[in-house]
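Some structures to go through are shown next.
Look at the two complexes coming up: chain A is in both, with chain B in one and chain C in the other.
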Partner chain A sequence: MIRALQIEPVKCTGCLQCEMACSYEKEGVFNPAKSRIKVFNFHEEGRMVPYTCTQCAEAWCLHACPVDAIRLDAETGAKIVVDVLCVGCKVCTIACPFGTINYNASAGVVVKCDLCDGDPECAKACPTEAITYVDADWTGLERMRDWADKTANEQPQA
Partner chain B sequence: MKHVILGAGPGGVIAAETLSKQGHGGAITLVGDEPEPPYSRMAIPYLLSDIIDESGTYLRKNPDHYEKLGIDRLQARASGIDTKKGRVALDNGKELPYDRLLIATGSSATTPPIEGLDGPGVHHCWTLEDTRHILKSIEPGSEVLLMGAGFVACIILNGLVKRGAKVTAIVRGPRMVRSMMTETAGGMIKRWCGEKGIRVLTETNATRVTHDGGLKVDLDNSETMNPALIIVAVGVKPNMDFIDGSGIETDYGILVDNHMQTNIEGIFATGDVAQGLDFSSGGRSVHAIQPTASEHGRIAALNMAGVPATYKGSLLMNVLDTVGLIATSFGQWQGAKGGDHAEAVDEDHYKYLRLEFEEDRLVGACSVGITQHVGAVRGLIQSRTRLGHWKKRLVQDPTRFMEAYLGSTQPVG
Partner chain C sequence: MGWHGKILRVDLSKGTCKAEDLNQEWARNYLGQRGLATKYLCEETDPKVDPLSPDNKLIFATGPLTGSMASTGGRYSVITKGPLTNCIACSNSGGYWGAELKFAGWDMVILEGKSKKPVYLFISDDEATLMPADDLWGKSVWETEPTIKARLQDPQIRVTSIGRAGENGVLYAGIINDLHRAAGRSGVGAVMGSKNLKAIAVRGTKGDKPHDPKAFMEATVAGKKVLAENAVTGQGLPTYGTQVLMNVINEIGAMPTRNWREVQFDGAAAISGEAMHEPRKSDGKANLVTNQACFGCTIACGRISKIDEEHFTVKTKPEYWHASGGVEYEAAWALGSDTGIDDLEALTYANYLCNEDGFDPISFGATVAAAMELYEMGAITDKDTGGIELKFGSVEALTTLTELTAKGEGFGKEIGLGSKRLCEKYGHPDLSMTVKGQEFPAYDARGIQGMGLTYATSNRGACHLRSYTVASEVMGIPEKTDPLVTDGKAGLVMAFQDATAVVDSSGLCVFVTFAWSMEDIAPQIQAACEGDWSVENLLLTGERIWNLERKYNLSAGMTAKDDTLPKRLLKEAAKTGPAKGKVNDLGKMLPEYYELRGWTTEGVPTNETLDRLAL
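Up next is the complex of A and B:
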């Protein structure tokens, strides 16, 4: 069963525990700026919205990579950056239409959510279940996929 | 069914892989004129900076990759096409028959017509072979004259500086990277280069190069330089001379339809050599960038395999790293006719963002010093999302583009 991160902004309080957990797991520091999941503050609406890579089927980042440094983890469905192969050219960061793969200047490579090998720290850290790791069929991923279709550069065939 | 692909860059390789995965059962021949395994020119700056070795530039890392997919690789250069007989003439005197042909021959670096520029000590930085020459010629303290201040010139600066070269860049026009950066952004990049000890001379040309006991270059600002090396990075042009007389229609590049097919049935073109549908203008443009080559390659191969696929057009996008200062541009970054824009400039911190709108849709952008979530700019442009009330917020603060993307496209409530 492929699982996916389900994000329900209405439950998010903006505590940033997810960002802390992610940055600690991935970079060894408690520093939201280094987190791969970000909580966006919609102050006009009074809403906090966590967002990260949806591991989309189109895999824009993977197809744009010129040096084969982004691979598919067949077990989790995650698209994973292989640090030793990434040269830091950043083409994936402009190709991903979701803005969820980003350049880390201090490491000289790009970084993105890899689902923590199937045990995502952000979901475990979230105290309000705004982020859960569930069966992919339950995540409302369909809505995200509709968006991906709108962005796709290939017309769906009749 | 014989599929022949001319050119082993990203477009050609992705097309070959896509054909293989379609399982059409025919032969796939991938023809490249360079001796190395297919590699990425995008990675060359990082070879110059010692971040990778040559194998780090290879498009695919497994040496058996092509063989496993049933792709035959052939080192040769195409010299002509007989479209009636369905044959490609090669420079080794052989002929290669095809049923479906893909022209993915890419582009080459150009040399301006300057006296003496064809002599020794002058290199492009386009191929692995060029890079080896450059690496051999530079020692700490070497003076390097870089001709050009565009995309390629900027991305190789880091490697040159890291190796201790004293770099002077000369550019004919009034600013740096004028093909992808606004005047303000180009100005920031120039100032940044100055801070890093790189001399950038705008509106300056070399008039003559002589080789009498070392390189001597006369500039039209009446200066004379004695560089150890001249690197020419003034632009590229599509590699399509070999199709002269074939009847394949060309303009700036090889003209292709929305299936990446040329005017001749069974002959397709992709990547830097192809002039295909432009997402922004609706016309046909050459977008010599990695993402376009990758998308073209896939669409062309699907159609070659008999799986109809229609391209929605390439979006111009670039990301540039000039000695650590990162800049991007997307789509109609120069603005759309009748459109408007929003701009945020922070000269002190080298941060800049300009968004171009058409009504309440984002159609282009240019940024400096922004590395987080920039892909969302592409997403907003390519989905032609109506920003609604987010337009006003972006005009007030363009840096909120990621929130605008989420607010316009995702269920945030």
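Up next is the complex of A and C:
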């Protein structure tokens, strides 16, 4: 089964454990500046929102890359940067409408979420299940369930 | 390696910034943050220094777990001599700033001297620069922080700054980072203001490197599991924040009310954590918007609130209609129960202003409460207050005084000096509910006896965060003791003081101790740092830190006479509740405490004690 990261901002507390876990897994350092997932704090709304690559099916980054350095991982559906092929031209960072692929100046290549070979560290580190790794075809399941519950169980009974 | 091994020394008089190696021997003996910065302060300054003079130093310090994946590992402390107390001041804050300083590669920043003109310090990894802040002076924290980020064109910068209270010499001005997290107590913000330092902006991209990353991950994952499964840290605090306590403490008759004349507040439920969840009658929305975590914290006790737009305090001020830090238990108590006010929206507004202009809602609310009692006695008149009717329960009096104190205008100037100076000026020093000049927090020591000893012996003046015996006496953590008896409390207070000194020096938040024992903490520190960080050595380190702070205070001029409580707690019995008829029996606990500490009957550490602790 192909899985996808599901992000539910309402559950996020802004602790940044996901950013720390990501940087440790991918770069071997505990450093939010090296994380591929970022948490945004919309202070005036009282909302914290984690954001990362959604692994588009027809990925802009993949199609834009002039040296075919971004490949599809067929097992996970992740679009993966092959570091040895990447020339650091950054065209993909311009092509991506979501900003989730970025240039890493110290490494000279672009970096993005690769779903950690199907075991994403951010989801494991999240203490509130604001980030989960679920069936990619059913990312709406929990919300459907909530609304089903509302529809059936919160209506005045006849 | 836990520590980066590097500190930043900023001479504000000369306008210079330079890197220095961290004294590793001191790090081994004092761990970090509170302990280590105290050691630096003791070595580098005269304890008799005038806190607001250029000779005082101001230290921003992280611990070895700050900026790590340990849960709550995002704390920093500000250490200096406090102008409110003339004692050691050490104020701890969460948010994201402390971790960012660590990520920039620094263990601490020592600021000395005084700048001729207002400046702010910008740290970008290895580079540190003093920048002009003339146009930021006179601005609130809420204006300063976004202005600096915009000016430096980097939204990822974290800022800690003072508002107008710190500039105007409010003696309990705090330092505010990330808009609403505060190094709140003892007036550390006034020291920053006296140095003409407006803010420290930090951007760090170097990250954190524990000594043994694999062991560290194992230890911190185990620790997080314990926090998640604990009723207090896994449920109570995330749901209600520290406000989970309001109804509990009121029920046991330990809720100081109307300047501690009473021990129960009939309006407690209306300003409680539960009330923050209730839909308002006016707009159907709850005061609470969400909970929020500080960096790395898996508890997430922080409150984010929105004030009712129709409330009279903000009806014509849309600039306060956004979400921001809501009331914690201490603020709700000091601004509410201590002044007899049960209007949650008004308290939230007052709390916003305390964050916006950087002053401690505990000391502020308690000073207003003392002023209200003086006013009702006739010792303070309308002439003194500029026409404000300072009656207990008056919402208008509270919110007007909050605005005046923030701006440093009118009677707000006197409120800004704290209750000790206010009560002395108006001829009733006994009505100041303070120890060593600092206002009490929200636990009545007649109903929780151990807290009396906690307050009397706290090295930074009255404080609940030096030995939170409420955990044992009310919540049964680690084991239940009777809050109304004094037996065993000397040992309990001492054990809590030493353990808390360790937590405050590590980079962790003291709230972990609701779930973690030292056996849970030690492996995390051990994996992060080189050296011996066994439970035994950690507790010895805690005791060493406590005694070092004590030595500083004794050298600053404190004596055993200052280890006391206001007459009201020692002579006026509680009128209602389970503690009815009780006073605090400090006299029964204090001599035993001195003895257990290895101090003389005058409260001075003996040579034997100092030798044992390598002091």
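Keep in mind that, in the parts below, the second predicted complex is superposed on the first by the 139 of 158 C-alpha atoms of A that agree within 3 Å, B and C clash if a C-alpha of one lies under 4 Å from a C-alpha of the other, contacts with A are read in each partner's own complex, and residues count from 1 in each chain.
Everything below uses one rule, namely that a residue touches a chain if its C-beta (ideal position, glycine included) is under 8 Å from a C-beta of that chain, and two chains touch if they have at least 3 such contacts.
As the structure is a computational prediction, the values presented were derived from the model and not from experiment.
Colleague: Where does A:Pro127 make contact in the superposed view: on chain B (first), on chain C (second), on both, or on neither?
Modeller: second
Colleague: Classify the contacts of A:Thr93 with the two partner chains as first (chain B alone), second (chain C alone), both, or neither.
Modeller: The answer is first: A:Thr93 touches chain B but not chain C.
Colleague: One more residue to check, A:Val49. First (chain B), second (chain C), both or neither?
Modeller: Touch status of A:Val49: first partner only.
Colleague: Give one of first, second, both or neither to describe whether A:Met20 is in contact with chain B, with chain C, with both, or with none.
Modeller: In the superposed model, A:Met20 contacts chain C only, not chain B.
Colleague: Spot which of chain B and chain C makes contact with more residues of chain A, would you?
Modeller: It is B that touches the greater number of chain A residues.
Colleague: Would you check which partner chain A:Pro32 touches, where first means chain B only, second means chain C only, and both and neither mean what they say?
Modeller: After superposing on A, A:Pro32 lies in contact with chain C but is clear of chain B.
Colleague: Do any residues of chain A touch both chain B and chain C, and if so, which are they?
Modeller: On chain A, the overlap between the chain B and chain C contacts is residues 10, 44-45, 47.
Colleague: Show which residues of chain B lie in contact with chain A when the two form their complex.
Modeller: Those residues of chain B that touch chain A are 10, 14, 40, 42-43, 45-46, 51-52, 56-61, 279, 290-291, 294-295, 298-299, 308-315, 317-319, 321, 324, 326, 328, 330, 371-379, 382-383, 385, 393, 402-403, 405-407, 409-413.
Colleague: Taking the touch rule as given, give the residues of chain A at its contact with chain B in the complex, in rising order.
Modeller: It comes out as residues 9-10, 38, 40-42, 44-45, 47, 49, 51, 60, 63-64, 66-68, 85, 87-103, 105, 108, 140, 143-144, 147, 150-155, 157.
Colleague: For the complex, which residues does chain C have touching chain A?
Modeller: Result: residues 67-69, 71, 96, 99, 103, 179, 204-210, 213, 217, 224, 228, 238, 289-298, 300, 304-306, 322-324 of chain C touch chain A.
Colleague: Within the complex, which stretch of chain A touches chain C?
Modeller: Residues 10, 13-17, 20-21, 23-24, 28-34, 43-48, 125, 127-128 of chain A touch chain C in their complex.
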